[in-house]
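Heads up, the next two complexes both have chain A, just with different partners, chain B and then chain C.
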Partner chain A sequence: MNAHPFHTEEYRQALEQLQVVDFVLLELNLYLDTHPWDVQAIQQFNHYTHERMKIANQFQEKYGPLQNYGHAYSGCPWSWIETPWPWQV
Partner chain B sequence: MGNEFEAQSLPEEGVPPEFRAGCHPAGRSQERIHVPYRSPCDPCPPLPFKTYVVPPNQFIVFQPPNWPQYPPEQALRCGTLWPALHSPYRPRRGREGEAT
Partner chain C sequence: MWVYEKKLQYPVRVSKCDPRMAKLLLEQYGGADGELAAALRYLNQRYSIPDKVIGLLTDIGTEEFAHLEMIATMVYKLTKDATPQQLDAAGLGPHYVAHDSALFYSNAAGVPWTAAYIQAKGDPIADLYEDIAAEEKARATYQWLIDMTDDVDLQDGLKFLREREIVHSLRFREAVEILKEEREVRKVF
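Up next is the complex of A and B:
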């Protein structure tokens, strides 16, 4: 299925950008578990959450769903089976 | 208890790849050195020393707020958002002392 844009550099860069934002969110999430009153970290967390939603939506429009079971829309035919599995990327 | 002399005494070989992202924290290294018991029946010649890592989170009880952060891309490569908690892994290959 080479027609799909998985073999392009943009695809990898988009994935990496998503991974960078996800990692920051992970660290902030764990930090906020023990520092619930830290307003600045919460603002940063919300900023990156908004950022992550934008990146994920752009990604999904272009490359298909990141997650299934209702976390993303599907095209026709069913797009979930079109996208490569994570270990294939 | 491992003896306390710093790992700086280790020969500083070429910069390993993971440091090119600027992740290496300045100042004291986190590696310490100890010398295990050497039995006369050891089949192989004894190693000068063995190293172990004492990461910075051993010295921090509660993380203070508003700590300086790495830029996101570098945070991903260094494995932490805060430089103060960074604990770099230095590969063994080609280093004098402890075998891999």
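Up next is the complex of A and C:
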């Protein structure tokens, strides 16, 4: 019997990879909110924004959309309503 | 406009069913210095704060909703396998008879959340000092919550949240300095 894709170590790692890059971006974002002229931080922000896009696309191809309202493609049936929701992981 | 992202900001793990800790965690769910109060406080202040600080209030206010979801996840995981008897023994009997297993915006003592927890003075310095105080109070509460459990998985999530309060406090302090500088410049010219 195959393990449910969301109950695998692979899923946990993919999710964590996304959480890590998103944390870097969030931290840079808040820092830049009060240091808007820090060109190095802006370069880092743009670099990780690009990385984030790649990581999120890979994640979504395997595990479904991360965002609603047209920020991610859907399979059939409508993928958005599929479990697990974040608290069920 | 907000867009939902179907993931937690940071993984939430718990190693046991523990309704006692769930009850205590409600302080950060619907308490005076909790995540709901924080999110609503910052997002509401945006409309009267000087332009230079609106981005920061938007971003921290939004992050607070991610923290609210983490706390909800902790409470959910700590109580989902509990029997009514276990809930009652943990002091959640009154919660159970009113809400079953639903979450409710109250503090650890069961007092419902109220808008009276959040201020909006319209004075940017007064509002930002309130935000700094709120972050410091939330940091202190997270430390006390960490002290109340031996569940290392739960502690891990709580430590992440405690650290976020420290960063938010720092950013709000910087925002105060930005506004003070701006005021000085206006005096000079």
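Side notes on the structure shown:
Rule of thumb we're sticking to: the second predicted complex is superposed on the first by the 84 of 89 C-alpha atoms of A that agree within 3 Å, B and C clash if a C-alpha of one lies under 4 Å from a C-alpha of the other, contacts with A are read in each partner's own complex, and residues count from 1 in each chain.
Going forward, a residue touches a chain if its C-beta (ideal position, glycine included) is under 8 Å from a C-beta of that chain, and two chains touch if they have at least 3 such contacts.
Not measured: the values here are computed from a predicted model.
Look at chain A after the overlay: chain B and chain C fit there side by side. When both complexes are overlaid on chain A, the residue A:N29 reaches chain C alone and has no touch with chain B. After overlaying the two complexes on the shared chain, residue contacts for A:Q40 are found with chain B alone; chain C is out of touch. Between the C-alpha centres of chain B and chain C, as seen from that of chain A in the superposed arrangement, lies an angle of 40 degrees, given as a multiple of 10.
In the superposition on chain A, A:V21 contacts chain B only, with no contact to chain C.
By the touch criterion defined above, A:W87 reaches chain C but does not reach chain B. Touch counts on chain A: comparing chain C and chain B, the chain ahead is C. When the two complexes are overlaid on their common chain A, residue A:H71 makes contact with chain C while staying clear of chain B. Residue contacts after overlaying the shared chain place A:M53 against neither chain B nor chain C. Here the smallest spacing between CA atoms of chain B and those of chain C, following superposition, is 5 Å.
Comparing which residues of chain A touch chain B with which touch chain C, the overlap comprises 19, 23, 27, 31, 34-35. Contact residues of chain A toward chain B in the complex are 19-21, 23-24, 27-28, 31, 34-35, 38, 40-41. Chain contact summary for the complex, chain B toward chain A: residues 62-63, 65-66, 72-73, 75-76, 80-82.
Of all residues in chain C, only 3-12, 55-56, 59-60, 63, 69, 72-73, 76-77, 167-168, 171, 174-175, 178 touch chain A in the complex they form.
Partner chain C is touched in their complex by these residues of chain A: 12, 15-16, 18-19, 22-23, 26-27, 29-31, 33-35, 64-69, 71, 80, 85-87, 89.
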